[in-house]
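Input: one structure, supplied below.
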């Protein structure tokens, strides 16, 4: 089995890259499951709407994961409970949290579990993602031993700690949130694929996908700034491919996907 | 001109990789200048000692840069003022900060300026690195237009903001501190090379180079933990190569260097 | 000389308390100078408008100080440069920061300097308030040795550190920002009055002056919440009185002012 | 019933104040229960030892509460499980956390529950103190409706949010950790006494009880500094008295206790 994962889709340019390249990637790489992080997919780069969510599915996503921006577009409350394919960080606290933190996907004769977790270092104090991961992985493993984790977190240490913690218990831990792809795809002991961050899908000339002037301006004067999705002709799509052995269900390879001006899509 | 930059050297394993591979890299890649981040180079992974500093120079480093761990080994106060080749973050505040925040290196007929800056997002409130960069770049550009910046910072946005801010004014901005190499080397407008993080040089099986048990344990129980440099057979060396046009003095290429079990050194 | 200082005025209820009690306090306590922190004085509890600013002056304020919310109501940019009596944190960085960080007030034959500073612990990395204080205090002391500092900061240690740092150089350091009055008014060595926080002027039944349901709700579910100024019948006014010797210009006493349901105004 | 609570005891000077004044306070104020926060009671101001713990008990404490420094003196692991009278923050995560997060105390015919909680704003991400409080309060209320909560937290909003959250379910919520007593003792709806911070018991001339030179020095140069407990002749004892109706078991009054040079003990 092969999983295609696409990192944080940002704004219209991100959706554009999805609509242009996701069908080609699926045609050429033939993944059996496609997972897309959509926490920044609205035109303003924060949260998701039902229309965008449906556009992601119709472009080829099987599951959409989220992150700290999950609730930023309040429209999500209207549809999150009506779908199995949208997964928000599982460790949001409290009773009756809208939506779900993990899901399963039927892939031929097999099942793939997909979990979304959010780190807590330099992010709000959600419930402990390690405890929550234990609980969900235990539950999912009664159905399947193929589990993909989108670990949405700021610091490298927390993402790698999660990957090592779950090593041998899940198939892949791939980080999101920093919007910059890391060059460290690797197979950990126990057949768990890991990459610290899958990178971002959206405007190439911004900072986190946002217009650089506002971001730099704020660093300079520390006054409130309105962040807007960057414009400009250059766009990127970032993600990774995880290959899984059909006999052991362990990951055998993880490879970065990167499409931008410097890395044109060649197929 | 070609610059070889090596990211945060951690502990004995990091020094081992330096001593084994830096001479080969210099022989094979023929950089005219070699810069090494040494903020974690002592055996305990924090700070630097005079012996380690000298070992870095004799292994081939022309300049050693630092970061937030610069003062962690108090031995540094004994020798930092006696050398031009050790550069600590230029934006440490106050009068009479020991050492220097930038230096120059004679490379044949040319001069290379080297600046070390530290970010402030999720790090202590040093002086504003953007203001400090303005001042130093202005000063250095009276001597040379080849300037290399080691931007030691936590978040991707602050590193990229610095790179875009200095774009066209310096030759390269390369990030350090997260200990994970990013896959985003690029040439910005104005001929400035940029990579969010050069990655780490040291133990391959740890977290930030430290033993995973203690790091994971602390995430689980939030109690004090003693972090020790990881052991185990696997080590890595991370960094990048920046190529500079001899006619324009602008960067023309930036390429990652990564040596580990999965990426053996082939020359 | 006697200075009356009123802590963070929040919303309509805060303005109500100002309009009701500030005239009485001035009549009964006879301060020669009245300083009011107005960073939360708009009806929504964030920033200041020209109308509110003028209402503070006409209620008896001689100088209005601010804090981290200074720029939250963008109307401030329209009038901040046209007045000497509005003081924002002096350590906002960059060139051409709108407004001023300190001012002077003529009080009979004497001059009173008023400085507003903002701390950096758990707040944005403005310029170093200690360095900035040094510079402004030096400048002001060429005109007067009576200087009042509103130190707007989160943690007790940074406020007390500033007070001890300026002890003997200024007349008073009074903290703001936590919206809770501290019980530690004291005269430091050198005749500097200090109180960690003057407290808040506004709704008594909220949290920081905001409706408790939203604040508690956010602690419980970590989802975005709309904070609104608390309603309800109970209101408070908080501040302090600083007495200064006319011969030495040193502070001789600092006493809390607190008016609320439990502490009715008796004069 | 009357409860005497003493805020964070710091170093030898704090222990000195306890040994000098706690017996007198008990003689004069006649509390039926005495609770002391001991998280800084060792000579270095961090953590607690068995000898110090026993000294607190023999000076008159019935229960000792802790805070974020609970594990700083590793000696605590040797005795914390052998006593019912030492209570550490109940929301430390993980299985098999040493010690206990709440206890009960027999007072004549009645029982008093004592809970220690730690906030998470600007502090490590322990388990959610609100959820944990719900669980423990439910459990304790099967035995007693007199419950005292030491809420160890940085910001005023989190402490007040906890007090309002538990209002009507516990007898008192008193904050600790900032080491500065607040002037806001009040009885909330439902008969719950609340004070944002009880203040500190220890050296009067320091910052948080530590030598000011090191703390100020660190603000100035952002380099590592060794914090030592302040010396000097002046000391303080801070805390509060909570009075509880014997018929309703609701709090009827909360009053600050403050003994220092400016507030000598008069009985």
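Going in written order, the chains are labelled A, B, C and D, and every chain counts its residues from 1.
In this section, a contact is a pair of C-beta atoms (placed from the backbone, for glycine too) under 8 Å apart; a residue touches a chain by one contact, two chains touch by 3 or more.
Since this is a predicted model, take the numbers as computed values, not measurements.
C-beta contact counts were set side by side for A-B and B-D; A-B has more.
On residue numbers, the B-C interface is repeated by A-D, which shares over half of its contact pairs, out of the options C-D, A-C or A-D. With centres taken as mean Cα positions, subunit D sits 45 Å from subunit B. Once the centre of each chain is set as its mean CA position, subunit A and subunit B turn out to be 29 Å apart. Counting only residues that touch two or more partner chains, subunit A has 93-94, 125, 128, 131, 220.
Across the complex, subunit A meets subunit B through its residues 122, 128, 130-131, 154-158, 160-161, 164-165, 178-184, 186, 196-197, 199, 207-208, 212, 215-216, 219-220, 256, 258, 262. Here subunit C touches subunit A in the complex through residues 71-72, 92-94, 97, 124-126, 220-224, going by the rule given at the top.
Touching subunit B in their complex are the following residues of subunit C: 93, 120, 125, 127-128, 131.
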